[in-house]
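Alright, structures below, take your time with them.
In the two assemblies presented below, chain A is common to both, partnered first by chain B and then by chain C.
Presenting the complex of A and B:
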């Protein structure tokens, strides 16, 4: 091939590619600008602020190096608020996943009014968490709340719910689960619709009972949905704020939220307190930014662990890698 | 290399956008004849401020005022975001609960020279109010728009039905008297009062008393005046840095409130408060007495015009009579580029323009005694004795503890868990407050 031919052959293609590339860049430019301006810049700025002290009153932040990060490690409240957050994950995220899946399994099969049922269950998800929190604060009222009234009507002594450090976080978890079930149900139903009916039928013919069919076929096939909901709900749980403020502040503002006896003060609530409510030497934007970055790193680690586990347990249709059980089953079938 | 070119263009575009945004935020040139005034409250509050400012505008025809609704005033956090964004109004209306936060942070201008230039002095204001706003070196970084005082609002028909004389308007009665009345005014659905052996505390239809015990807006707790009249409190001392929560007087006062809630069942509990605010229960006629400020008057007029009520000064405790004053303050932002105009306006609004602003008791000269307050139509009969005269009581105090300090002390790190134990009846006042000052002292020591 001569040089001339080569140029003639390649040039029109290269120009086209460049034009296409330019067009593509123009199309993605608004999104990239938005990403950089509203996410990238604040992200980098907040990291920068974490090395400063700024009460927002002084004209400029003061550089303090690693002081905020050191304070973070020495702050005796941090383990407590982290533990409160973990308690919410154990209670709230687990129950959200469990009850969403149960609700999806119950309503997956088309029946009369099932659409209405799903719509009703989804409805709380579109409501404001503050509004829902205020309603549930009354639901858990130990003197006049309907939950206490109902329990006492059947002779069951009611816990003190939001007044007792032992049950306050559970009360918040019940509220968030109730509000989130509709969302989880919708995604689980979408996942269940992807499970091939012939596979289930074949298993039934082979003698697998309902539990075996669910554990060995349905669950692996909807595992991407489980992974997605686990990751997103866990991230949401780490950011728990609104329900705590609505249910525990008794109208006294964010500074008073997190009770009783600090049992519901989460890491994000503490971050807010350090930014706006407290007036200690380390309080201010810098320390709050350090807390926010610690939370971001924690979220990243937890998500990375989840994805590492998912690599061995989540099955994507069409991919060779999948659930070990499926792999084993496939090997056994091949061997037969 | 070829692919780097578009990337370079992209980065350049980003920088241009960033620079444009930075330029936009930095270009804060404001109209030299326009004064920005941050206001807050319900619409009628803001309207009252606008109306009061009209004469100032008439005398300054070259000036315009932009009233900006903002939470910077009641909430210091909102001011901080405005300060960080270099977007503070020229004039703001802080409350006594965060005034010293702002003074400490040097964001309020000293209005003393402007006050002097206007021909007035501290003697022109209600002493308890102006004294509360003076700094140690005699500066005034704000002047009072007006103040609220806590009083006893009582339902006249309920008192008459129970065969009780109305509470003395001047506060010449005691907390023991009030507790006894509260029991007699608390009724179950069968009509038994709380003193009756047949009284059913699970079926109460009328409560005797409501105190804003749990629903604590910034620094304005309902238990405050009770503690003060017993000789106790939360913080004491000239620097407001001595914890007195574990003193016997404080414990005795808290125990009284707990007993009224949980032993007598005559006081609306924090749990009932969640279902419906206690002051609304009083307005609706479910509660015979409530401790509240003058803001209850327009609420009652609007929501239950037929309510037959009057007010009385708060009762005496072992230490005497006490009440809590809360001040709304005119202040000028020290960093304003129109500081002279801002201080002039703030001073004018607190003096010449005072009266009928945000429904408060005017603190300037004797305007409170005239048509701006005491002689205004629709006011309760005992207004002077119950709302104005208590400002001169020796034990009367103003909620001037900085809101950040108060938030830490009264929050979950401070005595909130003790108060929760108290309200839930898990502990007596003595048990709940035992050793609490060690915690409070640590918080005070940790303050910046």
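Presenting the complex of A and C:
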């Protein structure tokens, strides 16, 4: 009987409903204030600052119109940092997604110790990127680091890793992949648990081999997880900062990171240096704001493109695109 | 709480306590070569994950003469000189520890309170603007923190808050979009009977939330709390913007400062890595199940 009264449309309308709404507004008030004060207003204000020049020393910013945006288009360092980000996506984000998927498929089948294997691979995810970066900086050390030592022991000439502009970003990508697989693996396993085994079994009986079963059945069924991980890992890749600082800074801290030869300087690192006028010719808070907004626009466009592709390729069971699995779980529970 | 509410809650809990990543029962028999290959591969993978961690810890206990010897995985002789040196190089180390703890604890508590309230309202109450709020929260997940950082930096500077934990803590007190969405998804899975039972008891919405809903949502609070805490404990970028004087630093900044200045002193650097990581590693060993559950649940946003 209690379920009946809580059903939509059965509630008394009027005063009681207004009271419910009033309570609701009080509940969401802190989050709404946070949304407005710490996201909405600053996002607009940031755009405002991008039309000004300010070194943070003068009392007021001076309006310079589109100067910063024009400079953004002419600055040869912008294509350079964008290219560095693209290289990180190609090396790091791709391998993160690929290896997470492989790790999930390999450890999905129940076997002895599988829980332990997953737990070990997940461990680095809870560690600081600075701490992990510092350790991997040692791993890639070309004089006495374990990777170089191991490669030379088996007769393979070791690259110069973080010292060579050609391999520095690869080194960072290896580190972030190593650290991130446990996270990707966990989400893929959660996705795989939603795949009904009878469907796979039916395909097996119909003669589909393991590869066909994966591509035709498993992959479409876990496509929401693929989409989620692709979207979030790309957003993260565009904001790459901490690992670069931990692995490439020398002497003067954050300002000197991004080497060798600026081959690992990312969008956020460049913005940071502009904000604090560190070692940059064209500087200032206004220009940093323009870079930050360029980053936001890039993120919006890339995410929108992914959702547009997803509209045609991602499969949601029952087309319940919002919260399919949880809602289904609830239905099952109330049906009991 | 009535017996009925108790029973409903127990039912809900039983479902939530099912270990999410625990392997299901083993089925059938397997061929031996496959099993050997599988575990052989896994041992290599485990070594790839354990060795760097153990190696770093081991280096922090080696003498400088033995620092680069391959047979020093278990250091002999063991020395604590690098830890002593670390506290000489960074005499305020415990202060950074305290600064980091203050930010991580208050930030986590603030987020839990504000976001659980918002998440509950979005899951259960009907009010004008509910869907708008939900969409805005989801859109917020796309906004890079850097794009909102600069004006906040100017405000906090004008307030005289630079080099205090306030610029990091205060925004967290108003919840985070991710956390609110996470709580909404979680509360949707709770049975409506909980509220119905509370209504029979005559509880209003606030009492229902505090006395019935929150106590029965332990897993969600724990999972999200741990995730937020770890994130704050490990964060570097935002701290490096707001905390520039040395006595306001957090641990990650202190560690980073050593890399620049004491590049060749691996013993001291690895001692720093060990001390910064140890609290999270211990926490992970205790709460592993809940952290992993939090991650898995967060993926359900898709």
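Operating definition for what follows: the second predicted complex is superposed on the first by the 299 of 336 C-alpha atoms of A that agree within 3 Å, B and C clash if a C-alpha of one lies under 4 Å from a C-alpha of the other, contacts with A are read in each partner's own complex, and residues count from 1 in each chain.
Heads up, the rule we're going with is that contacts are C-beta pairs under 8 Å (C-beta built on N, C-alpha and C of every residue); 3 or more make two chains touch, one makes a residue touch a chain.
Because the structure is a prediction, the values reported are computed rather than measured.
Engineer: Under the superposition described at the top, does placing chain B and chain C together on chain A give a clash or a fit?
Structural biologist: Here chain B and chain C cannot both sit on chain A without a clash.
Engineer: Comparing chain B against chain C, which has contacts with more of the residues in chain A?
Structural biologist: Partner touching more chain A residues in the overlay: C.
Engineer: Which of the two partners, first being chain B and second being chain C, lies in contact with A:260: first, second, both, or neither?
Structural biologist: It touches chain B, and chain C stays clear.
Engineer: In the overlaid three-chain picture, which partner chain does A:163 touch, first (chain B) or second (chain C), both, or neither?
Structural biologist: After superposition on chain A, A:163 lies in contact with chain B alone.
Engineer: Taking the superposition as given, does A:241 touch the first partner, chain B, the second, chain C, both, or neither?
Structural biologist: The answer is second: A:241 touches chain C but not chain B.
Engineer: Identify the partner contact of A:110: answer first if only chain B is touched, second if only chain C is, both if each is, neither if none is.
Structural biologist: In the superposition, A:110 contacts chain C only.
Engineer: Between chain B (first) and chain C (second), which does A:55 come into contact with in this model arrangement: first, second, both, or neither?
Structural biologist: first
Engineer: Check the residue A:174 against both partner chains and state whether it touches chain B (first), chain C (second), both, or neither.
Structural biologist: A:174 sits against neither chain B nor chain C.
Engineer: If you stack the two complexes on chain A, which partner ends up touching A:21: first (chain B), second (chain C), both, or neither?
Structural biologist: A:21 sits against chain B and chain C alike.
Engineer: Pick one for A:32: touches chain B only (first), chain C only (second), both, or neither.
Structural biologist: It touches chain B and chain C both.
Engineer: Which partner chains sit in contact with A:139 here, chain B, chain C, both or neither? Use first/second/both/neither.
Structural biologist: Second partner only.
Engineer: Clash-wise, after the superposition, say which stretch of chain B runs into chain C: 3-11, 273-281, 309-317 or 381-389.
Structural biologist: None of the options clash except 273-281.
Engineer: In the superposed view, which residues of chain A touch chain B and also chain C?
Structural biologist: 21, 25, 32-33, 37, 41, 56, 137-138, 144, 250-253, 256, 275, 285.
Engineer: Which residues, counting only chain A, touch chain C once they are in their complex?
Structural biologist: 2-3, 5-6, 17, 20-21, 23-25, 27-28, 30-35, 37-39, 41-43, 45-46, 48-49, 56, 103, 106, 110-115, 117-131, 134-139, 144, 146, 149, 178, 183, 186-187, 189-191, 193, 224-225, 227-229, 235, 238-239, 241-242, 245-246, 249-254, 256, 268, 271-272, 275, 285, 288-289, 292-293, 295-296, 299-300, 303, 323, 325-327, 329-330, 333-334
Engineer: Looking at the complex, which residues from chain C come into contact with chain A?
Structural biologist: Residue positions touching the partner: 11-12, 15, 20-27, 30, 35, 38-39, 41-42, 45-46, 48-53, 55-56, 59, 68, 70, 113-115, 117-118, 120-122, 125-128, 130, 133, 136-137, 140-154, 157, 171, 173-177, 180, 185, 188-189, 191-193, 195-197, 199-200, 205-206, 209, 230, 233-234, 236-237, 240-241, 251-252, 255-257, 259-261, 263, 266, 269-270, 272-273, 276-277, 280-281, 283-284, 288, 291-292, 295-296, 299-302.
Engineer: State the interface residues of chain B toward chain A in the complex, per the touch definition above.
Structural biologist: Interface residues on chain B, with respect to chain A: 2-3, 6, 9-10, 13-14, 17-18, 21, 76-77, 80-81, 83-84, 101, 105-107, 214-218, 269-275, 402, 404-405, 407-408, 410-413, 416-417, 420-421, 423-424, 446-448.
Engineer: With touch defined as at the start, can you tell me which chain A residues reach chain B in the complex?
Structural biologist: Chain A residues touching chain B: 18, 21-22, 25, 29, 32-33, 36-37, 41, 54-57, 77, 137-138, 141-144, 160, 163-164, 250-253, 255-262, 265, 273, 275-281, 283, 285.
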